[in-house]
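First up is the structure itself, then whatever we jot down about it.
Chains: A, B, C, D, E and F, in written order; residue numbering restarts at 1 for each.
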Amino acid sequence: MSGERVVEALADISPDLGRYIVEFGFGDVYSRPGLTLREREIATIAALTALGNAVPQLKVHIAAGLNVGLTRHEITETILQMALYAGFPAALNGMFAAKDVFAAHDAEETGEAAGSMRRDTSN
Amino acid sequence: MSGERVVEALADISPDLGRYIVEFGFGDVYSRPGLTLREREIATIAALTALGNAVPQLKVHIAAGLNVGLTRHEITETILQMALYAGFPAALNGMFAAKDVFAAHDAEETGEAAGSMRRDTSN
Amino acid sequence: MSGERVVEALADISPDLGRYIVEFGFGDVYSRPGLTLREREIATIAALTALGNAVPQLKVHIAAGLNVGLTRHEITETILQMALYAGFPAALNGMFAAKDVFAAHDAEETGEAAGSMRRDTSN
Amino acid sequence: MSGERVVEALADISPDLGRYIVEFGFGDVYSRPGLTLREREIATIAALTALGNAVPQLKVHIAAGLNVGLTRHEITETILQMALYAGFPAALNGMFAAKDVFAAHDAEETGEAAGSMRRDTSN
Amino acid sequence: MSGERVVEALADISPDLGRYIVEFGFGDVYSRPGLTLREREIATIAALTALGNAVPQLKVHIAAGLNVGLTRHEITETILQMALYAGFPAALNGMFAAKDVFAAHDAEETGEAAGSMRRDTSN
Amino acid sequence: MSGERVVEALADISPDLGRYIVEFGFGDVYSRPGLTLREREIATIAALTALGNAVPQLKVHIAAGLNVGLTRHEITETILQMALYAGFPAALNGMFAAKDVFAAHDAEETGEAAGSMRRDTSN
């Protein structure tokens, strides 16, 4: 998973930053009651699209959004809406980030399907 | 209502900007299917808190969020979460904007209650 | 003039910052050939509207734009266009900055006209 | 053309975002009277350089600026001026974007010239 | 102290945000070895000046910088340097924030001196 | 050196921008008394990490920081602290920039050591 890879990538340079992200971000904030995980991911996708300078993290959260049950359409609507508040370039760059994540998911699923077919035929 | 006052304030300087906001913003984007109005306001409150340079518009959308059924707690959770993505100053300034909007609502309701009591006793 | 007041305001805290603004900003950049002063002010008004975190400086340049011959309409068109690139809140806040500057100019002119009438009648 | 490619790239993920850009951006805003297309591109190049988080869109508008008659010098002057308002990194990154666009134009023209020479010699 | 007032101001709307700021900000980050408190305040004053959308927090940290031993000159040098990286408006607005904080300190000291004189003469 | 390469890269498109960076940036600002070069690089690394849209310039200054005597730990502490003021994505992207610079330095040193060993054995 992407979040885990971030922590791994920090291991040799700043493990504490990785620990803070996990403990403060996921331990403290995402586990709070008051908003559903779907709503929290809508908020994060909106903010990272609007800020426009954190594309890798936006992709992590688009994938996380799919994992907590957001549809692709709900994600693209959230991104499109940001045109109003941060301009068209921010919305465009967010949309292309979503396109990349969706394509990677499709490739993964095709790969898994192919892999599962190979396993089936290997019997 | 705040949105209407914005359009009025633009009347003598750039009525077309007001028209674009109404037509493009509310006519086109907010009326799209795919996200509920509650979810759209969560996205907007998150983005405006994170951007940090549009406090008047953030207040308009905190009030709009209350109008479409977000609780105060859901709004403050959305703002608090932005500490992760845009830092504590952005979250703090968003929270103080919410505090202002909530206080104005309380004052209005107290005023309305008082007004309604006066009307009652005037019988 | 506003630019001069900025330099004065810096005199007791950082006169060098004032000197850099005058020497580098006005001595070096604005006096360069290649763009007219009108075009330079369009560029600056656009950028400061889009950045959204420098309203006092935006007002200085809206006034400077009027001084180098931009019409009010050209200034409001520049600001309105920023809705596309930085979102509606940035355009709105820029437009309200313009409204303030235009109102101050009107008040000044009315004052000058009144003053000039008083001088006339004092003969 | 780049603008058309953007719309095409959106076709399978968010055709409505592409439609809004064309209708609202080009239909509504760029066709407005009050500023020339040259002046509108100066404003956009300035804003996207200053914002610093939309390099692909900045490149589209540097190319568009050339198409509506801005000289390379006028474009680099606009970008250089942004050092004053958004700092040297923003101006530098904008200048390198211009360098890329100018090099692509030179390559295209050389290619076209070579193609036209080949066509000539094929007679 | 300002930091304490921030926590108090959050008490009725989001005490958890106040707790996170104290625990994560001051408990975890500022108490880390590796940088002196003087250096940490230089970093924070630089960042908040450059971001330009968090003036209240910048003022808190200018005051905190004085408390941990930065001279006024060191603070204004840090702010002035930001002209290079975030432009003159950001540096100017940072410098005026410093001017306010320094003036408040002077007023406080004058008040304390006057108070101490009054206490002396009351003997 | 990186700073020199920037100036070279500007030679054919905007030599004046290169000259301003050298004269104003290094001639005027970095040579000012009041802060040490170590402190100036802490301020710049903090600001560029927080702004988040100038990764190439951040890398130049991480390398410059090492050159003026900052340890790797001091640099990563400065970057980590920015999580508080600009959010985790900005801190993460800054940390990965540092990781790249440190790896390039290690490769260079290994290369130099190998080169020096080859020179030794060539005797």
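Methods note: a residue touches a chain if its C-beta (ideal position, glycine included) is under 8 Å from a C-beta of that chain, and two chains touch if they have at least 3 such contacts.
Not measured: the values here are computed from a predicted model.
Shared contact partners of subunit A and subunit D, listed by label: B, C, E, F.
Judged by contacting C-beta pairs, the busier of the interfaces B-D and B-C is B-C.
One finds 30 Å separating the Cα centroids of subunit D and subunit F.
The distance from the centre of subunit A to the centre of subunit B, with each centre set as the mean of the Cα atoms, comes to 27 Å. Averaged C-alpha coordinates give centres for subunit B and subunit F that are 42 Å from one another.
In subunit A, the residues that reach two or more other chains under the touch definition are 16, 20, 24-25, 32, 48, 50-54, 57, 76, 80, 82-90. If you check the complex, the residues on subunit B that touch subunit E are 51-53, 76, 79-80, 83, 87-93, 95-96, 98-99, 102.
Those residues of subunit B that touch subunit F in the shared complex are 50, 82-90. By the touch criterion stated above, subunit A contacts subunit E in their complex at residues 16, 20, 24, 28, 32. Against subunit A, in their complex, subunit D makes its touches with residues 6, 9-10, 12-14, 16-17, 20-21, 25, 48, 51-54, 56-57. Interface residues of subunit E, counted against subunit F in their complex, comprise 24-25, 29, 32, 34-35, 39-40, 42-51, 54, 57, 73-74, 76-78, 80-86.
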